[in-house]
Amino acid sequence: MKNTIVLGVIGADCHAVGNKVLDYAFTEAGFHVVNIGVLSSQEDFINAAIETDASAILVSSLYGHGEMDCRGLREKCEEAGLKDILLYAGGNLVVGKQEWEPVKKRFEAMGFDRVYPPGTPPEQSIRDLKADLNLE
Amino acid sequence: MKNTIVLGVIGADCHAVGNKVLDYAFTEAGFHVVNIGVLSSQEDFINAAIETDASAILVSSLYGHGEMDCRGLREKCEEAGLKDILLYAGGNLVVGKQEWEPVKKRFEAMGFDRVYPPGTPPEQSIRDLKADLNLE
Amino acid sequence: MELQNKKWTEEEFLKVREEVLNQWPTGKEVDLKEAAEYLKKIPDNKNFAKRLKKAKEEGVTLAQPRAGVALVDAHIELLQHLQNEGGADLLPSTIDSYTRQNRYEECEVGIQESIKEKRSMLNGFPAVNHGVKNCRRVVEAVNLPVQARHGTPDSRLLAEIIHAGGWTSNEGGGISYNIPYAKSVTLEKSILDWQYCDRLVGIYEEMGIEINREPFGPLTGTLVPPSMSNAVAIIEGLLAVEQGVKSLTLGYGQCGNLIQDVAAMKALVAQAEEYFKVYGYKDIDLTTVFHQWMGGFPTDESRAFGVISWGAATAALSGATKVIVKTPHEAAGIPTKEANAAGIKATKQVLSLLKEQKLETSKALEEEIKLIKAETKCILDKVFELGKGDLAVGTVKAFETGVLDIPFAPSKYNAGKILPARDNNGAVRYLEFGNIPMSKEIKDFNRELLEQRAKLEGRNVGFQMTIDDIYAVGKGSLVGRPEK
Amino acid sequence: MELQNKKWTEEEFLKVREEVLNQWPTGKEVDLKEAAEYLKKIPDNKNFAKRLKKAKEEGVTLAQPRAGVALVDAHIELLQHLQNEGGADLLPSTIDSYTRQNRYEECEVGIQESIKEKRSMLNGFPAVNHGVKNCRRVVEAVNLPVQARHGTPDSRLLAEIIHAGGWTSNEGGGISYNIPYAKSVTLEKSILDWQYCDRLVGIYEEMGIEINREPFGPLTGTLVPPSMSNAVAIIEGLLAVEQGVKSLTLGYGQCGNLIQDVAAMKALVAQAEEYFKVYGYKDIDLTTVFHQWMGGFPTDESRAFGVISWGAATAALSGATKVIVKTPHEAAGIPTKEANAAGIKATKQVLSLLKEQKLETSKALEEEIKLIKAETKCILDKVFELGKGDLAVGTVKAFETGVLDIPFAPSKYNAGKILPARDNNGAVRYLEFGNIPMSKEIKDFNRELLEQRAKLEGRNVGFQMTIDDIYAVGKGSLVGRPEK
């Protein structure tokens, strides 16, 4: 389904507040949100995407290990047959306060379509996702 | 008199608190303090030093104009016959937060024997003055 | 082993212990007798329990940061900076998130990557992997007490290693380090595992070694109504002292309304002491911790200093024994050591300016204390009832039935039916009570306060208020008013 | 002209005015009618009086920095930065110290040197030298009201130029801009000169143009007992409204003890309104200003943020209409524009977090208000008595006899016999009363509080306490305890 998305917090990260707010915001915006919650592995994201025929995977990471946790996700998606699935990442993706541009570049190099810095309002990623999926 | 000092706040500066505390501290330390107070001109300092045969002039400046107000004081002292009088300066000597070393150098170049940064406790200048005057 | 709120026998403890110490090779480094000898030599100024007791007697508030990096030398450098430059009164060692999930292999990867990348690739100190010797290196390199701070549902091996390593306090609890930190760990297991941690401290106490325990007060740190966090704190306190813990620090996370925050701290101490008395626990050395704002922070560092300082002021005015300090980098994630020191310095300045001052009693304060106590009692009465007198059993059942329910928690064992929102004064109230068994009077009062807000804002009471409140402090205000 | 507290006639005013406008060439730029036309076109959001009235109605606290540099373009850049980056609600133009002493030739040197050195060699904006046109350039370049802040005993020409220049507020007063700012200006002269400034505002008011006046509350900013600063504020307020001022902002400088600070603000408003009523002044739009800590600051910027934030919190809790903001560079002197903006941002974060909160009434607060009012009344009663009913005459005589006496003031017309010190709670009390005519009860109470402190500290009540208190905040605490 074009408007189905998989939402979750990757790795050993248990920050649930933003996850619950994103769930609410994307649902309100008309998406069918498959929320796999916190502490989710790459496999959890991929399995959920296959099962629900999702168009996008939205990965949150708030605890600084995002860089290690997200590495290889694009490759695993392709192996699993999720050829054109959109990959978004956002949150506090790295340990410590770093320049944003290099962080963004590293995640883009890993195959993420969009990467969001800390404090991005849900509205922006909703707008972007609608554009990327040609919704509305 | 070897232990007589002239104390004052130079220029259009009316910061009186530190002046009153210095007066108290130097008096307690055994100096004969001639306190000409705030809003004192170079001439006020020099006249007081001549009248009381002082060994040192302690110039405070808290309002940032110290650099302009102190310029030429050494030369005027020499013209007035105060050949070997000690000149000390302290406070917030310049406008704004600046590197301390260049400020110190500028004041030393103007002929000041000792220059103190903001927040120096009176005890330090008392110690220095006793050393410079071979007291105790 | 069947869960009940009863001190473990030596046999029970030792049986589990054998398994625990085999969870990772460094477990073999732990020798209880040798550790006790080591701990006895720790000077008073490095003993967490003794330092807190002294602060309580002097009526001062101590400042403690959060901090931890992957490698031992870098971690020591970090703690020394917080001690020497920041002026911290108590030191932490924040444990990384893989250790919290007992994923020690991944810690090993993180350690290796950190060496390679020359920066910490872990968000804390992997104490289990580093083992007893390295924990001792840490405590020997500083002049202050060291505490482990983490979020580990099963902290048994970690507790063994850090205490044997000379760290004289451990944060956490069977509820507070499960429900906000795990997705699918049962409460039976986490409470049992924390009984183990508490019993370990009890055993040390019986050997004459004072070790502090601190249940994690703020839970999800997001709009948790004070009566819910106080109920959990009191339960975890009772569970801990049953296992022989003597030095206990109960905590609370700042909500932001001064009256409510001070009332929550006062209610927490008074009510915990009442329960200790009723259940016959004597000689408990009870201290308190106040957490500076745990929710979203402004990205601007000057604004962050404002939030930090207001937290410090509330901590001082509430008479907290210690305050956990945030940093001006909070919004961006894990801070540099300089930013961490900056947060401590701002905090200490405010604490020290206010050390002669407490919030004076007022009618509003007294009423808020009364309300929090009444709400807390409604919850605790039901917990005891559900457990037929056994608090541990009651706690499990209370979460099953939503009698205990923590907003925004990731655990599937949490009902997630309650919703909080702020009233017009910024105090956190219950918007949805879920299955929490409050009296009608209390429910009506909470509702009335939120209706007043709704009226002022020209909208209905609802989840949008909650969402607006979640992001409000980051945007500058306490109450998330609709934009004009 | 003989000093009395009576509205100047048009004839009196115009006679003096001719002389005033000839003090410096830019005086010729002032044309009252043209200025009135110009001021009428100033939009409400740039009118100081209207902005304050709105804030008072909304119950919010506005943030205003201090700032001023020598050159017009740089000054505009500075104010725009404070407005756009800092988020200031009200803008200042701090006037340089040469202008404050009417030494316009030296200002000219400072302006030339500033051009040459490409940095400001003056500690403020020399508004008289820059003249009406440049003042208008300033106000036209920003979106907020602009006020002159200075310390000028004779501010007559300055007032003419800034008001004609579209600046809709002027800080100062015949006492508060003389005794703490001058050495040998008589009070007769400074009060007359400030009657002129007030009358000028009164004339604009009569033309339908609202202009705000703000007596300078903190005086020497150093341990001034609240009753002394409140007495001066009320006198200056009464002198101003007699000349036709309608928008009046009375001020107070933070002492640091929350109860005393809030009590002082509440006593100030209540007592000022009582006096206005008794003396028949109607339709006075009274607002308040709270000054963040005016004494010595810590050099460490993080610690300075702590001091700033605590000041902001007290301002909010006291319900001040505006707060004057310090910066993290305070200890080092005049701040960069970035540091200035940082101070505003920290302040605004705290103000906005606390906008729903006020300090609740408590017994301690009520008693402190009562004490401050009683002390203030003792002083004011005597001032009126000395002046045989004329407040202006009474003020001069009160300073002569030490009935009014401001600690640490440079003026030779100030007796300098009183000494302040903090009590055990950090509240500022009278250590030496000099000739201030307090009741025995009040004197005994002040003394008793200080004896309690002396006992705790194991030393005698004396000047060393005062000195220790002066430096205490810079070192981190409120009360200057002896070092152990």
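A, B, C and D label the chains in the order they appear, each numbered from 1.
Here is the rule we go by: a contact is a pair of C-beta atoms (placed from the backbone, for glycine too) under 8 Å apart; a residue touches a chain by one contact, two chains touch by 3 or more.
These numbers come from a predicted model, not from an experiment.
Under the contact definition stated at the top, no chain borders both chain A and chain B. The mean-CA centres of chain A and chain D are about 54 angstrom from one another, to the nearest whole unit. Centre to centre, using the average C-alpha position, chain A and chain C are separated by 29 Å.
Between chain C and chain D, the centres computed from C-alpha atoms are 45 Å apart. The set of chain C residues touching two or more other chains is empty. Annotation for chain A: no residues touch two or more other chains.
If each chain is drawn as a node and touching chains are joined, the picture is a simple open line.
In summary, the structure contains touching chain pairs A-C, B-D, C-D. Those residues of chain C that touch chain D in the complex are listed here as 256-259, 298, 300-310, 312-313, 317, 341-350, 352-357, 360-365, 424-426, 473, 476-479. Of all residues in chain A, only 9, 11-17, 19-21, 24-25, 37-39, 62-65, 67-68, 92, 94-97, 118-119 touch chain C in the complex they form. The touching residues of chain C, when paired with chain A in their complex, are 97-98, 100-101, 103, 106, 109-110, 113, 119-123, 151, 180-184, 220, 222, 295-296, 299, 329, 331-336, 339, 408-410, 463, 467, 470, 474.
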